[in-house]
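Two complexes are shown next, each including chain A; its partner changes from chain B in the first to chain C in the second.
Presenting the complex of A and B:
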């Protein structure tokens, strides 16, 4: 009741006050032009499919590499110590560099080596940049999941004579992966948005297409259209991640 | 006694400052049921964990059929399938059904694929769990979970079974069904070492009772001697405190 009332007050204030700002008419024309919205929407939606495609082929690579790094970081035996170091350096490096910077470095740098087609494609190297960054994050999430499985589970498996490899594969990992599904869902939402960063190195995906329209029409509305399209995907996905997180929390308490 | 199945010689174990086992000598004969009794923290669990190499010993020897399995670098994999262990907290794998819990190790370690199923079903049948074979651990009572854990250990055909306070986490009315399983195993001639607080069970079925106190074996002997006529003061004090 109180929540509803205060929300209503805020909404009214925004609706009444914002148009009173001196630049409102100009902003309205250049950002919220209905005709431009309708005209650019279909093309932008088609461009968004490219974002979805890049997202779709990045995800399996991110999880495969993330899992490999997580396992490398958890390697127990002394002989595998270099692997642990490598995993730690990898995670520090690629979590420490802003995604956009890595997209620039890899996306412009590697094709600059003069590789023949198709190996100079910005799709490939843009994807590589995303995979490098996100696999580092996913590796950390998976590692936290692996470490959250109680030592008694490992002991029980070892005492049955299972090898440490089988223990990881059949006992630890299935439980760990289930436990970090919500965290990984959040990761996927962030990835879906970061795909737009590839616009800086060439692919005509939604952000790039919106930029083209902006220049053509001298109007910023296409950016608003792009934002709305993103929200249509990311809001349900975020809500679903929260739902999974709550369900998991309730199940464990 | 003929050559013991399992023999501990001067076993020492510390965790940091805590000196948990202070020179344990113990022989366990084939087919014997030995009960370890003693207060919490007296070293019973640690002793069991040293017997199958789950905890490396600091000093001393653990001989299985005369072979020292406590040597550093000894391959414990094959040993662990000869010595099964069941824990107080069951430690079933929560993402697997009861059947899958039991079948995992025979499939991966013994390379049994088709032969395991009837054998495992017979074990569930025998211990009264045939109706629960496809349930998940969270659908089973504590007593049922613990019986599945025993079946899981038995499915590896161990020669010796170590049982670490396996009834301590159970509601009192569920203890009986688990102890019945142990009675059946004893009739089969399974070699068993049982850390327990169930004094009446120890008195009824143990071949030998070992009383541990502060990391040493304070007294051992036949159950009637330990329970009716303890020789040491601290045994008497312990029994008085638990048998009230």
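Presenting the complex of A and C:
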């Protein structure tokens, strides 16, 4: 009751006060122009399909590579020490470089070496940049999941006669991956937005299409349209992550 | 309060003294000073060495000539830098006029004011010698359709490519000139559309093995690309700027500056 009342007051204040600001008319024309909204929406929605496509083909690669790096970092035997070092360097490097920089470096730099078409496509190398960055994050998430599995599980598996490889595959990983699903959902939401960074190296996805409209119409409304379209995807995804998080918490308590 | 009042009176007097009797008096951001914005960075040959204060380069020279015509001495001109977005955002602006190759379009004119045009820009095709070798010497529309195109997002080049050339593959779009040249260099695009002076500079200096395929005749275009100085919507200064530009067109000053800074423009083949 009190919560509802206070929320209502805040909403009313915002709705009443913001339009009273002297620049509201200009802001409204520039950011919330209904005609521009309607005219640009279909094209922007089509451009968003490219974002979805890039997202869809990046995700499997990110998780495969992330898992490989996590396993490399967790390698136990002394002979595999170089692998462990490689994993650590990989994570440090690609988690530490801003995604935009990596998109530029890989997206323009590698094709600049003289690759023929279609192997110099910005789609390929932009995807590579995203996969490099996000697999580093996912690797760390997975590693934390693997390390959170109690040592008694590993000991029990060894007592049952499982090899260390089978222990990882049938005992540790199934539990670890389930435990970090909510954290990985977070990664996916972030990735969905970072896909737009590929526009820097050429592809006309939603952010770039909005920028083109902005420049032609001298109006920022297309960006608002893009934001709305993004929200339609990211809000349900975030809620779903919350749901998984709660389910996981309830299952453990 | 008293000091503020004194300062206000003093600056009003100083302003009146500097721009006495001219229509720009009292209409600028700071009285007695004309604040002109340019890009960050500002590109050759519009501004030489990214230093508009020197008056070197076509737009820098036009800016100082314009200021002089409006009654501002060279030391009464202040430069600021803005992006395209800052120039069109709603709210107070930090410049009186903004000159960075803004093409005058009807849609943009609804949001900001443009001066009369100070330059009509032929559109030219920047490409590489490799592509030229593949396409022979005479630039035809059919050949242009086959190319992979790149353009800068904030320019009017994209509509030209889409409507006049109608390429077979959809063009790639970039943030600025540097990214376009990087993509040409990386072989991701074959050609890019720029205004002719920019294309000439990029092909000669920036792109290794760069070449100009040809230019579109601006006189043949239905809606030629014309650069105007951008001002906030409803700017009181517009009438003064237009009057000054009219005088400069009339007495040949504008043509003189164009000849000095943009002379190489001739000799590029026309695209039919």
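Worth a mention:
Rule of thumb we're sticking to: the second predicted complex is superposed on the first by the 253 of 253 C-alpha atoms of A that agree within 3 Å, B and C clash if a C-alpha of one lies under 4 Å from a C-alpha of the other, contacts with A are read in each partner's own complex, and residues count from 1 in each chain.
Note that in this section a residue touches a chain if its C-beta (ideal position, glycine included) is under 8 Å from a C-beta of that chain, and two chains touch if they have at least 3 such contacts.
Because the structure is predicted, anything quoted here is derived from the model rather than measured.
By the document's definition of touching, of the two partners only chain B reaches A:156; chain C does not. In the superposition on chain A, A:170 contacts chain B only, with no contact to chain C.
Of the two partner chains placed by the overlay, neither chain B nor chain C lies in contact with A:235.
In the superposed model, more residues of chain A are touched by C than by the other of chain B and chain C. When the two complexes are overlaid on their common chain A, residue A:112 makes contact with chain C while staying clear of chain B.
Once the two complexes are laid over each other on the shared chain, residue contacts for A:178 go to chain B alone; chain C is not touched. When both complexes are overlaid on chain A, the residue A:89 reaches neither chain B nor chain C. Legend: residue contacts after superposition of the two complexes on their common chain; A:218 is shown touching chain C, with no touch to chain B. Overlaid on A, the two complexes show chain B and chain C touching no common residue of chain A.
Remark: chain A residues 152-153, 155-163, 166, 170-171, 174-175, 178 touch chain B in the complex. The touching residues of chain B, counted against chain A in their complex, run 52, 54, 77-78, 80-81, 84-85, 87, 89, 91-95, 104-105, 108-109, 152-153, 156.
Within the complex formed with chain A, the chain C residues making contact are 84-85, 88-91, 105, 107-108, 110-112, 150, 153-156, 158-159, 170-175, 179, 182-183, 185-189. Listed in rising order, the residues of chain A touching chain C in the complex are 23, 26-27, 29-31, 108, 111-112, 114-117, 120-122, 199-204, 208, 211-212, 214-220.
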